[in-house]
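The structures considered in this document are given below.
Next come two complexes built around chain A: one with chain B, the other with chain C.
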Partner chain A sequence: MTEPGTSGVSGLYRGVWKGAPLLLLGVVAALPHVYSGAYFIRLLFVTLVWLTTSVAWNILGGFAGQVSFGFAVFYGLGAYTTALLLNSGMNRASCLLLGACVAAFASLLIGLPTFRLKGPYFAIATIGVSEAVRVVMTNLPFTGGASGYRIIEKGAFHQLLHFYFALGLAGVAVIVSMLVQRSKFGLALVAIHEDEEAAADLGVNPFRAKLLAHALGAALTGMAGGVYAGYAAFIYPGGVFAFDISVHILLMPIIGGVGTVWGPVIGSVVNGAVHEELVASFPQLHLLLYGSLLILIILFEPGGVLGLLGKASRVLARARSAGGSHS
Partner chain B sequence: MTAVDFANLLIAALMLAGVYAAMSVGMTIIYGVMKIVNLAHAGFLMLGAYFVYELHERMGLDPLLGVVLAFPVFFFLGAGIHWLLVRRIPASDQPTLASLLLLFGLWLVLQNLGYLIWHNEDRAILTARTFSTLQIGPITFSTVRLTVFGAAVASLAALEFVLHKTWHGRAVRALMQNREAGRLVGINTERTARWAFGVGVAFTGAAGGLLAMLYSFSPSFGAPFLLRAFVVIVLGGLESFSGVAIGALILALAETFSILVIPAGYQPAIAFSLLVVALVALPDGVAGLWNKRQHWA
Partner chain C sequence: MAAILRIERLTKYFAGLAAVKEVSFELQEGGLYGLIGPNGAGKTTLLSIVAGSLRPTSGAVFFQGRDLTGAKPFQAVRAGIVRTHQIPRPFRALSVLANVEVGVKFGGKQKSAGDGENGMGVLERVGLGRAASMPAAELSLGDQKRLELARALGARPRLLLCDEVCSGLTEKETTSVLGLLCDIRRAGTTILYVEHNLKAIMSVCDHVIVMNYGEKLAEGPPEKMQNDPAVIEAYIGKAESI
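Up next is the complex of A and B:
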């Protein structure tokens, strides 16, 4: 910094900006050591699990614009695969990976017929798939049905271990999302979002790209379900396959800012904070709030919280330049 | 299975079909005129159920009368919602995700307002009709099902009359066939859309009242019926009223007779699977199969 100049300052600024995600990761990793209450760590853990699903959904729903109401299927499959394998004595990491594989495989089975449908019809079909899977899973003997399925913990319970699993997974999800956004594949997804036929004319195979985005999202969501199941140690089909899960996974990225890397992250943090504040006192109020937010976002600010922040910063910048004082 | 059992099942299916048709027709009107998939359908069904329930509980009004009263009340509710929210999203000849998500948000709001007002317990409307039966020859009819079926058919007939004999009804049918041509001959599309949204919601609210006579309900009431309504209108080809009748009949037959082959626990999955199959395999509905063969013949 021997030559102070605008380029140097902006270069520094950019460097800080690039380092920000790592810094964020470090801060979150250190948080449990600052405030070590079990309740607080649980809140962080749950928020990180939601964050992973939110970022995962955004790969298909945000970048490619294919809104799915069916991500609970992958969450539930990941949770059950992990739970069943954990009880058979497999180590945690391989359980999670296999859960991801099962979820990704399911996403192909679902995607092959439903991606022939365009936009809203795909969205409706995923509601049907999701509800059908929930009904079938509730009736299958190995899921424990309505009375649920318990994981027998072999060792002592370490809350922090679960927390770092969730943090690692959330980090992976954000990195995958960044890589997708910067890759040619990400561009193809955005092109499909804008105009599927035009994208196809330019040599993108929309069907294959959508399947791949679906599988990526499903694998991450399946792992999130697995991490959650390992923590909760008790799951039931009506919980992990619930339509409510799909709804939350869909709302977080839309509220935060759909089609961006950081929008879903913001959405899930908002969700974590609001959820914990409201659910304790008024369990129904938070969905009422989300519904109203969704309506407002659709009508006035499709960019969500991130779009709103961008608008605010532009207004601020304009106000500052209108002030004209530049030394 | 004896012939009497078979006849009983067939009649049960037919009555169910009447209810399904009445429940889905509101969604068809809204889709047909605006190309909007009404995800808030379930919310209006739920509100209709509670509307009839409250009138019955507080004023001792016969549920059937409540259903009749639901028509005007829900018409204004629907028209108001169109004016407040729906008209603000850009009109399109294709269903858009914005409209889907807007109405989904509305559903969340309605459902959770329901929870705030009526809480989580299940309610039911019980009248003298609920448990009485009618015996005709070897076949037993449930009085309440017969009543509901009659009301459903009557309301469908009334709709048919309105759509064919009134100015607004004709405008609605014109817009369903061709939006641009409708505008050219002087139809005010926004006002017609508001009217159609009102009528669609009116039918949905009234159908909610009818369903409340048959089933118990809570504020989450309606979600399974929302999906069934989709199945019905997709099987019916999305924007045809006779298609709705066909779709309702197919779904009711499938659900009723599946009891013979599929364990009862899996039964709800039938409608959902049928929805996916219908969307993927029959984009123009069952009538589409028929038309393809007969087209211009």
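Up next is the complex of A and C:
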């Protein structure tokens, strides 16, 4: 059985584990000061924006198991709302919050009809809605239609300011995700994921829970879109409302480990590390590579990177305990 | 005693076929009722309507005097009606305790069966205390059936709808689950127990409702139902034809 002192060590281990997120936040916050290349900071910024969307998608797609291909809608609405309001002279934080509200409101409008559908039918419906919104935005005159919309910068451009907005938002997203996982609401989402009817038979209101998860994910994704718009200063429907964005948002949590707090974080870091390189090296092929990766993950390790790590640590523990019994 | 559940001329059609046809009955508070009938008699359909999983084509469901016809399942649960499933439907990725917590956290607020508010207490009660931290997917069929009951109890039912809690169990397991039903009933929860195993029903119920081809055939005390010619015919065919 366990050796004396093991519990003390595992207690310490747990303590370190609990402090790890804060440490990680500190390290990332310090990174631009250690390595201050503009390209590097841009890469960090983009990764943090993707991280937020990945964690946000996971609340609905991971915890509740409702796979949406339509998160670009919220990303784009957040981006456009923020851009329009920034140009009207509002301060950045209020613009982002209002962007979140618009995205959350849109998620309710989309969720009310589509959550009556189950599984693949829900997924297909979200593709349809998302494409429809993109077409509408492409033809909307007051946002410049297909040619896009430009933010008029009033002050000098501070790359680090944008970086810290993105970092703060990513931190908020992870905290929200942790709180959801530990809450009564989170339990309802997992129960719905497992068996929606059985959950309803125990008093869970699945429709309401899914709408809430959708709104929460949409609000965070909308803010991510807003942070991105503020940085890019130019947005167009073919960019922020693209189907590509939706696919990307759902790929990251799947790569990292769907339905967990840290899987989507890991997935977005992997994506941040390889995405730009992939697009630069294989401009035509990168989507094919992503597609193949997705198939491999779903076939062999639905738990993603986290699932693989878990398996590896179990194998190691078994090897160690086998070694211990021999000695 | 007051009727806790009253159903009036409940009817459910599936694509022109009547699964339940003009069924009416009343359950008195605190009773253990059996609902029997051959396969396809409409027992589970009736139970699903009362639990809110299915909408009746016509007819009405009154619970504690309130009209609950067409209520959603979660509304029925919060009013105090909780069902179990014939084929257990555990949340496989969750621990046994977390399964029960879903019922505890989302069930009604009413007093029931004296279970307290505690998921662990409910597990001890059904004899699953030792398995609390196990993933529900790893339970044996017998224990999964107990978990169905535990989850339902966690949601604090005033009326418990049990769908064949004993099918697929060994005789020993059956006896212990039936004992559990009697305990729950003694603690004050009314039970409607759907079963096609006659022996199980006859041993615990004080009143039996018999269905056949979607219609109510007869109801009364179990001894009487056992000797009712119409019931015998429904189960094993006409006397002459044997």
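The rule we apply is simple: the second predicted complex is superposed on the first by the 319 of 327 C-alpha atoms of A that agree within 3 Å, B and C clash if a C-alpha of one lies under 4 Å from a C-alpha of the other, contacts with A are read in each partner's own complex, and residues count from 1 in each chain.
What we mean here is this: a residue touches a chain if its C-beta (ideal position, glycine included) is under 8 Å from a C-beta of that chain, and two chains touch if they have at least 3 such contacts.
Predicted model, so just to flag it, every value in this text is computed and none were measured.
If you put the two complexes together on chain A, you find that chain B and chain C both fit without a clash. Touched residues of chain A were counted for both chain B and chain C, and B has more of them. In the superposed pair of complexes, A:203 makes contact with chain C only, with no contact to chain B. In the superposed model, A:191 makes contact with chain C only, not with chain B. Of the two partner chains, neither chain B nor chain C is touched by A:26.
In the composite built from the two structures, the nearest CA pair linking chain B and chain C is 6 Å apart. Remark: chain C residues 51, 53, 72-74, 77-78, 82-83, 85, 89-94, 98, 101-103, 105-108, 151-152, 154-155 touch chain A in the complex.
The residues of chain A lying in touch with chain B in their complex are 65, 67, 113-114, 116-121, 123-125, 127-129, 131-132, 135-136, 138-139, 243, 247, 254, 282-285, 287-288, 290-295, 298-299, 302. Interface residues of chain A facing chain C in the complex, by the touch rule stated above, are 184, 187-188, 190-191, 193-195, 197-206. By the touch criterion stated above, chain B contacts chain A in their complex at residues 37, 85, 88-89, 94-102, 104-109, 111-113, 115-116, 223-224, 227, 230, 263, 265-266, 268-269, 272-273, 275-276, 279-280.
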